[in-house]
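Below are two complexes that have chain A in common, paired first with chain B and then with chain C.
For the complex of A and B:
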């Protein structure tokens, strides 16, 4: 039992070291994009993609299949692409394990997570009411819930992208590129 | 930005930039020594983040100085002024 726990602990340590390495490499990617202006532009793009997804869910509810497909695929592409870039530019605060963050990062992540959780809960309540009250196909409520769930999961990165300041080049002096 | 709720009228000043410069330490090197992200050292120097007591002690241990030599509630006078005027040289 303890040997198995030791193996699990060693595996867990290796995974964390691997994630740290990924984050170290990621922290040096897109150096010219690490400004508040670029992060905010990407945050707006993620919000736009989320809104297109929600519009797609409304189209599904009203039976506009073509518009639904265009919105769903287009919104997914816009939100997914911008979210991927935002994930790189906001670092491990938006995706790393808490135990790998230092006190400033952990504090900021906790604050952002709390806000995004509140927003997600509100969106889920809206999704429930939408499914119950808006007439349409049975799956319409599920499509709206899906769009709002995707939107809710992007809120943390959106807030971080909006609030993080420009990176200070001095922070990276002496840090070797991966 | 501090780990505890604190009024704006109670800032914590620090001498990190000058101490790093004296010892030729980069932010990254100091960050490695105290096991934080280099951006956290930058945030401390800019006053965007106040350190926990644990982090403050770890930083002081790197410089081998007491806490009051590195952190203060009052703005620090330049070290040169302190050494040459107050030291009486």
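For the complex of A and C:
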């Protein structure tokens, strides 16, 4: 039993070290992009990708299969790519494990998620109305719910990317650039 | 008001703020309560995302049934009610008991 626990603890430590390493590497990625302007541009891109996804769901509903495929894949690509970059730039604050964040980051994540919760709930209401009111093919409502869910889950990264302040140059005095 | 504010008051306010009762806007909360509220919503956000995934799975299953739009909407509405009660559930489950010391010298209402 105790040996088993010891092995588990060693495994846990190894995982922690591995995650630390991943985090260090991530902190050094895209060094010239770590400005508010870039983050805001990426936030806008994610919003655009989400809107394209929703447009794709509407196209599915109206039966334009070609437009649906283009919008669905294109929107997924735009939103997914921008979201990936945004997650690097925000230090995975909205998507990482709570345990690996410091107190301030956790507070910020909770605040941001509070807002995205409200937005996601509103989107669910829209999904209900959409399924009830809009006639169309059978899986159309599920497609729309899918697009809205993707949108709702990206909102927290969008808000973070939009609202996080620029780095303070004073913090970097005496630190050699990587 | 500020003298007799006990944990029970704070808890009531926290729950009220989450449920969104009129008159429990953010300005009525002390600085600890928004933290609690945000924490509860963070947990609820994860929960509601899982619920939505279940909803999606049901939606693609229901696509094979007649009148699939109404079926999916009914399921979404049900999960919506569940999902919006999650923050209050989280708070009700997690908040600690009142401390009897807070009530010393306070006349029962």
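Simple rule for what comes next: the second predicted complex is superposed on the first by the 150 of 178 C-alpha atoms of A that agree within 3 Å, B and C clash if a C-alpha of one lies under 4 Å from a C-alpha of the other, contacts with A are read in each partner's own complex, and residues count from 1 in each chain.
Simple rule for what comes next: a contact is a pair of C-beta atoms (placed from the backbone, for glycine too) under 8 Å apart; a residue touches a chain by one contact, two chains touch by 3 or more.
Here the structure is a predicted model, which means the values were calculated and not measured.
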Which superposed partner A:107 touches (first chain B, second chain C, both, neither): both
Partner chain(s) touched by A:170 [first = chain B, second = chain C, both, neither]: first
Between chain B and chain C, more extensive residue contact with chain A: C
Contacts of A:18 with chain B and chain C, given as first, second, both or neither: neither
First (chain B), second (chain C), both or neither touched by A:132: second
Doubly contacted chain A residues - partners chain C and chain B: 107
Complex contacts: residues of chain C adjacent to chain A: 34-35, 37-39, 41-42, 44-45, 48-49, 52-53, 55-56, 59-60, 62-64, 68-70, 72-73, 76-77, 79-80, 83-84, 87
Complex contact set, residues of chain A against chain C: 107, 109-111, 113-114, 116-117, 120-121, 124-125, 127-129, 131-132, 134-136, 138-142, 145-146, 149, 152-153, 156
Residue ranges of chain B touching chain A (in the complex, touch as defined): 1, 3, 26-29, 35-43, 46, 48-49, 51-52, 54-55
Residues of chain A defined as touching chain B within the complex: 102-105, 107-108, 165, 167-168, 170-175
